[in-house]
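The structure appears right after this line, and notes come after that.
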Amino acid sequence: MKIDMNKRDSVIRMTGINPRTCMKCGKCSATCPSFDEMEYHPHQFISLVEAGRVDELMASESLYNCLACMACLERCPRGVEPAKFVEAVRNLKLREHGGNHLAPEAIPEMLDADLPQQAIVSAFRKYSK
Amino acid sequence: MQIEKKPLIVAFCCNWCSYAGADLAGTNRLNYPANVKIIRVPCSCRVNPLFILKAFQRGADGVIICGCHPGDCHYTTGNYYARRRITLLFSMLSYLGIEKNRVRLEWVSAAEGAKFAATMQSFAEEIAELGECKRLEDLRCKK
Amino acid sequence: MQRIGVFVCHCGTNIAGTVDVKTVAEMLGKEPGVVFSTDYQYMCSEAGQTLIQDAIKEHNLGGVVICSCSPRMHEQTFRKACAKAGLNPYMVEVANIREQCSWIHKDVAEGTEKAVILGRAAIAKVHLNAPLTAGESPVVKRALVIGGGIAGMQTALDIADAGFEVDIVEKNATIGGKMAQIDKTFPTLDCSACILTPKMVDCAQHEKINIYAYSEVEDVKGFVGNFSVAIRKKARYVDETKCTGCGICTEKCPVKNIPNEFNMGMDNRRSIYIPFAQAVPKIATIDPNTCNKLKTGKCGVCSKVCGAGAIDYTQKDEIIRREYGAIVVATGFNMIDMTKFDEFGYAQSKDVITSLEFERLTNAAGPTGGTLLRPSDGKHPHTIVFVQCCGSRSTTENGKPYCSKICCMYTAKHAMLTREKYPDTDVYVFYIDVRTPGKNFDEFYRRAVEQYGVHYVKGMVGKVAPRADGTLHVQASDLLAGEQLHIDADLVVLAGAIEPDKSARGLATKLTASMDTNDFFTEAHPKLRPVESPTAGVFLSGVCQGPKDIPETVAQAGAAASKVIGLLVKDKLTCNPCVAQSDELLCNGCSGCEHVCPYGAITYETKEFMQFDRSMKPRRVASVNPAVCQGCGACTVTCPSGAMDLKGFSNRQIMAEVDAICK
Amino acid sequence: MQEMIKSKLAELLSTGAVTKVIGWKRGENFYDVSPAAFESVESLADFVYDDFCGANLSKFLVKEPGKESKVAVVLKPCDTFSLNQLIKENRVNRENIFVLGVPCEGKLSEEKMRVMGIVGLTGCKVEGDKVTVETLYGTETLDKNDVLLTKCATCHSKKHVIFDELIGETGEDSDVDRFVGVAELEAMSEDERYEFWRNELSRCIRCNACRNACPACTCEKCVFDNDASGVAAKSNANSFEENMFHIIRAYHVAGRCTDCGECSRVCPQHIPLHLLNRKFIKDINTFYGDFQAGADAESEHPLVHFTENDPEPSIVKEGK
Amino acid sequence: MKLVKDLSALYEAIAAVQELYLPVENKGRVDFKLYEAGANVDIKTLKTVRSAKDFFFTQTETLMGFKVEGKNIEVEDLRPEVRPFVAFGVRGCDARSFEVLDKVFLVDPVDTVYEARRKAGTVVTLACGRPEETCFCTNFGITPEAPAGDVTTWLTEEGLYWQANTDKGEALTAAIAAVFTEGDGKAVEEQKKAISDIIAKLPLANLDMTHLEGVKEETFWGHPVWKDISETCLACGTCTYVCPTCQCYDVRDFDCGNGIERFRCWDSCMYSDFTRMAHGNNRNTQDQRCRQRYLHKLVYFPRRNEGMFGCVGCGRCVAKCPSKLNIVKVIKALGGK
């Protein structure tokens, strides 16, 4: 069981949510359509992040079983938004692959009139460290 | 005894809501900057524009007035009058080119200790950003 | 210049922990006018007060500054102590170096510096203080209780038993409140009606209690001891003095399909109705929104069948104005609207019900005569799912951030009663935490689990979806098993959050009583004055102050009553001496102050003033009635010449504080 | 016109209807017109009503004993608003006042001529839109608009709101946008506004003419004169006191100022003080609904009134 | 005769040796300001709004301080340090006003602040090229075509003619010698003549003052003019504060929080609290105050100062009074009987 508080802090920074606001009611997992496919269930994402056990999550298939349907986010009574945590751990994983997936220099040639600016910004945010 | 000279903030708090809210912030140990100094008044409607100007003359860098939320005034209507008076005064100060962030009015109830602390924190930050109040200063008081 | 004594309190380590009290006492001792300065462990203690009193005598002090906790806490204590030593109590100022200094700062140097500044401000103010003498105002020996639920009734009975007149204002057609709708009470499982209805009758029959049912508070004027309240007695269209409550009209009325509020809309009543059999007062009421006669002028059946001739279609709302010495708020609660939580399917299926609806479904006087049947098809449910914390402990906009407190216990009660009566049902309770602090509470809950075999599952229900076959698909977490459960239920019962009655907000404004962000009334002090509102003369009883169960409510109701009695036994109240006063020589008669005074305390008269040429010139000048003025100061700022000033918070005093803080 | 007024006043004095008339009196030259009291028909010989009768006479009524004797006062349309306001505030006893309304086409300012560099003034003739000025150094012809008193250039009403008798016709509310000057300042940056007002207010010599001429400033004792008020001052020791005096003065008359413009007219330093008062008027109109002080003698002034939905002070920040 | 062709060179030269104050225009109004490069100097406008008395008798003057620390009070001398300065462009009337002020401030006990400023100041006067209808200085023996002063100057087509009258004037002249050329002075004579011609036409140039000679202090006390004037006098201080000879002041304390600053500031006898004392006020009504103001200038002051009037005829009050009340009307009213 590896504890990595840096990763924990990264996830918290990326989500902007304090995992301690979770009161462990399980409503997220109760509502999750992919519950049975997941090794770690939505409420466990929160608990493990809080405990600094992000590596376990990163290694788990659960990351990709989440459909990002946002039901957990919608239902959570405390505004913890588990889906954001899943997404944040996914990003951590992505960034771990080394290098930037999208370099700033690469952006100008991707620009065209039909591409929404917002898409580029969000892609850049997601794919570069 | 000399602590670094910080921007000085005078807070007029109504006795029934905001002063109690400040007390609650204290009870909950919610920190806010020490350069905020509170003056207790019975109601936000007791705050005379003269007091606000006087505070600036004496070297205050920001003045904040806190009262009960509209509708909750202990005296029924005091804060409604205060709202008009203070709105007009703030507008006039801005019209004279005084930075409009130097003054603020906030409604803080007796239950809003956290809001009180957060308000003071953010106001103190705003004033720190503006720095010393030069436009309403009286150098005689700064010696 | 006053001779001032400064007393710095350690408050144990509360102050001394972050403020160097010795330095504060030393620094303040150097201030002009300060002739004595010291510090002490606990200034508010007997020994501390004696210290102050001795110093007043020894040093002939004319003013006292106490650097301690908030003046809201101990200003009165210190004023009284100083008064005993012969000092006018209004020559005392408190510098708040605990709540607004030591408790919020960690750095000792910082805390000490601020404490010194706050002390200086208090010294500057005391220099300008003047001895004040309080006036007196008479007390009207009658109390008003707003709300006729168990809280209001208990308060009224207790006050009335002490010999004071009490009026109860209830907005519904009968008193009784929520408790009248409840079937059994936890943890003893005694019948709610059996213990409530005798109290209702007591209220009705008590010679000191007067019930204004179907009435609301219209406006409130005045102040402690002298409130003047306008009560709107809504038109019932039935003459109260004639109606015998026989109920014939309620059987003959042709408008039959009105959802019955008492049974949570699960059956119907007529347009003319008596809410329930034991209603007090037992008088019929016509619902003006549905009555044919009132809407179209055609019908009049009730009038024809009434043997007493009590029906009066021309009745109008009546405004009654009465004087009271004290007001008790007992406005109670409601369950929040569950339709906003679409995950629970409350709006989609009749078989998803609230706990209060469940109470009616199991009550002998309820729509099913006490047999538990599914509202949709009237069949016996075999699988029942109870969901707790529906909307409680939720920081989302639909929910409430607080714990509703009563749900754990009544859900255990529901589950237990169901299993007892219908052993063939499967009962699931989904909980986040089970909270059972209270006498015999946890035992009760454990009995439900251990003896009655209720399935308690830790986890939340995520989704309730009605199926085509009429069952409800419940999807939930079992956190301990790490599973997602799928249950086919026949009935789902939601333990919705409770919230203060909607009328409370408007009432708080009329009373100028403060509320918290959840619309619960704030108490004067959370620990020490839990049944008083910060507004003098306004008291709190029951759930209007915060969630409570019945025994707590009754206890608080009694406490509120004792506070009211304590007020009403006084013949006179000491007025606040910090009132406005007008300087006739400066007043120019513009009437601005008169317009802004919320109490009508300012009047004008024309007086003749001698001019410098010795001629007399008439001028209107303001004068303040000190018994009516409450000291808000609105007038002082309206007055451009400063003719109007506030004793105790004068312009000069506040400016002196500003000066001291800024120097 | 002047003769009609004079004969009416003579009638009032001779019949004993009034014992005193407050009007204007001719002095040394064409622009030398002083407010004056006339107590006999003979003294009315010096009475004048012409293009230089800018002074608002309503304030002089505050000094009147308010009983027994009756006083006639000659008021231009804008002056009647001031009188109404004074009646509302019980500073003048309506029953002892006879108001003679006189029409006004805008009054002239010799000070404006001087600022234009036209000095040595000896004579003046107004013909239509043109003003011909005789000076020691020649004759100049000017546009009347250029030498109108500031208050007249943005006149808000030519209607008499209170009078016992009119000489000539009363006019209508004007549709001139009197808030242009305020809006120009509002459009500036904070720094520009600060510089603007510093330049203006730094000239203040604290002569108190603005206050003493103002019909709304009728305090028995002004806070700035009252040593017990804590803010008394006799001079502007520095920029703070300049600001303080003018902010508080404008604030104290906010909601009561009828926009008569006397403050700017009497200022020896030509500080545009009306821009302070008008800012309050504009704000009150914007925030709390249109309000004209003195339009009647009954309605409550906006600062002793409120609605539950008044804007919050943060509107100042959200605005410019 | 010394002549300066380039005025800005003159200003620069003076400013290089001493502080230079001169009339500067601001939005159509002219007042004396410290010279700085690029200043909008206006020496054509005849009269500054404020008189030149500010040079020696400023509106507010800090005198001393009391520094309070704990229970100790320390007295501080806060009188300003006075540096040599040049007052340029002063008109004849204002120049005379200094003599009036000297009679008040330089007699025993000498006002040290005033004295220091008087010594430090070099007064450069300027002949009045275009006298105005409000001027009546000639009634007081003032010669606007050749005003007194340490230096007298004339602004002509050719340039500024410069004539030093005193040692101080000579010293200044020597210090800036480089800016001068020689002129024939004809233009000066022409200007003097032109000014005299205009003065002859001035409406107020020849007031009858004989009735004021040798009168007793109480002669005019019961005169009706006081009531007439006070009826519409606003009791503001405009006349006093624009007047070059009004020399009354109040000494006040300002509480700065840490101590007191004692300062003096102009006061006006028009104000209701003027000379108020513990027992009350000497003059309670506005007619008494008006009487004081005018009789002080016209009767009391001359009686004590060899007939020198306390008025120099600058005409500022004539132009500035909001109610158009002024000393000329009083002089005439008293003469008319």
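Assorted remarks:
The letters A, B, C, D and E name the chains in turn, as written, and every chain counts its residues from 1.
We take it that a contact is a pair of C-beta atoms (placed from the backbone, for glycine too) under 8 Å apart; a residue touches a chain by one contact, two chains touch by 3 or more.
Computed from a predicted structure; not experimentally measured.
Connectivity note: excluding chain C, the chains that remain group by touching as A | B, D, E. The set of chains in contact with chain C as well as chain D comprises B, E. Distance from chain D peaks, on a Cα-centroid basis, for A. With centres computed from Cα atoms alone, the innermost chain of the structure is B. Ranked by separation of Cα centres from chain E, the top chain is A. Two chain pairs, D-E and B-C, are compared here, and B-C has more C-beta pairs in contact (counted per touch definition above).
Taking each chain's centre as the average of its CA atoms, chain A and chain E sit 80 Å apart.
The geometric centre of chain A is 42 Å away from that of chain B, both derived from CA atoms. Centre to centre, using the average C-alpha position, chain A and chain D are separated by 69 Å.
Centre-to-centre spacing of chain A and chain C amounts to 44 Å, using the average Cα coordinate of each chain. Chain A has no residue in contact with two or more other chains. Taken residue by residue, chain E touches two or more other chains at 254, 257-258, whereas all remaining positions touch fewer. Under the contact definition stated at the top, the residues of chain C that touch 2 or more other chains are 596, 638, 651, 655, 659, 662-663. Every pair of chains meeting the touch criterion is listed here: A-C, B-C, B-D, B-E, C-D, C-E, D-E.
On the side of chain C, the complex with chain D involves touching residues 585-592, 595-596, 604, 615, 617-620, 638, 640-643, 651-652, 655. Those residues of chain E whose C-beta lies close enough to touch chain C in the complex are 68, 70-71, 255, 257-258, 284-285. Across the complex, chain C meets chain A through its residues 343, 389, 391, 393-396, 399, 432, 458-463, 475-477, 479, 482, 484-485. Residues of chain A that touch chain C in their complex: 21, 23-32, 35-36, 41, 43, 71, 75-79.
Those residues of chain D whose C-beta lies close enough to touch chain E in the complex are 27-29, 31-37, 55, 60, 111, 114-117, 119-122, 135-137, 199, 203, 205-209, 211-213, 225, 234-237, 262, 265-266, 268-270.
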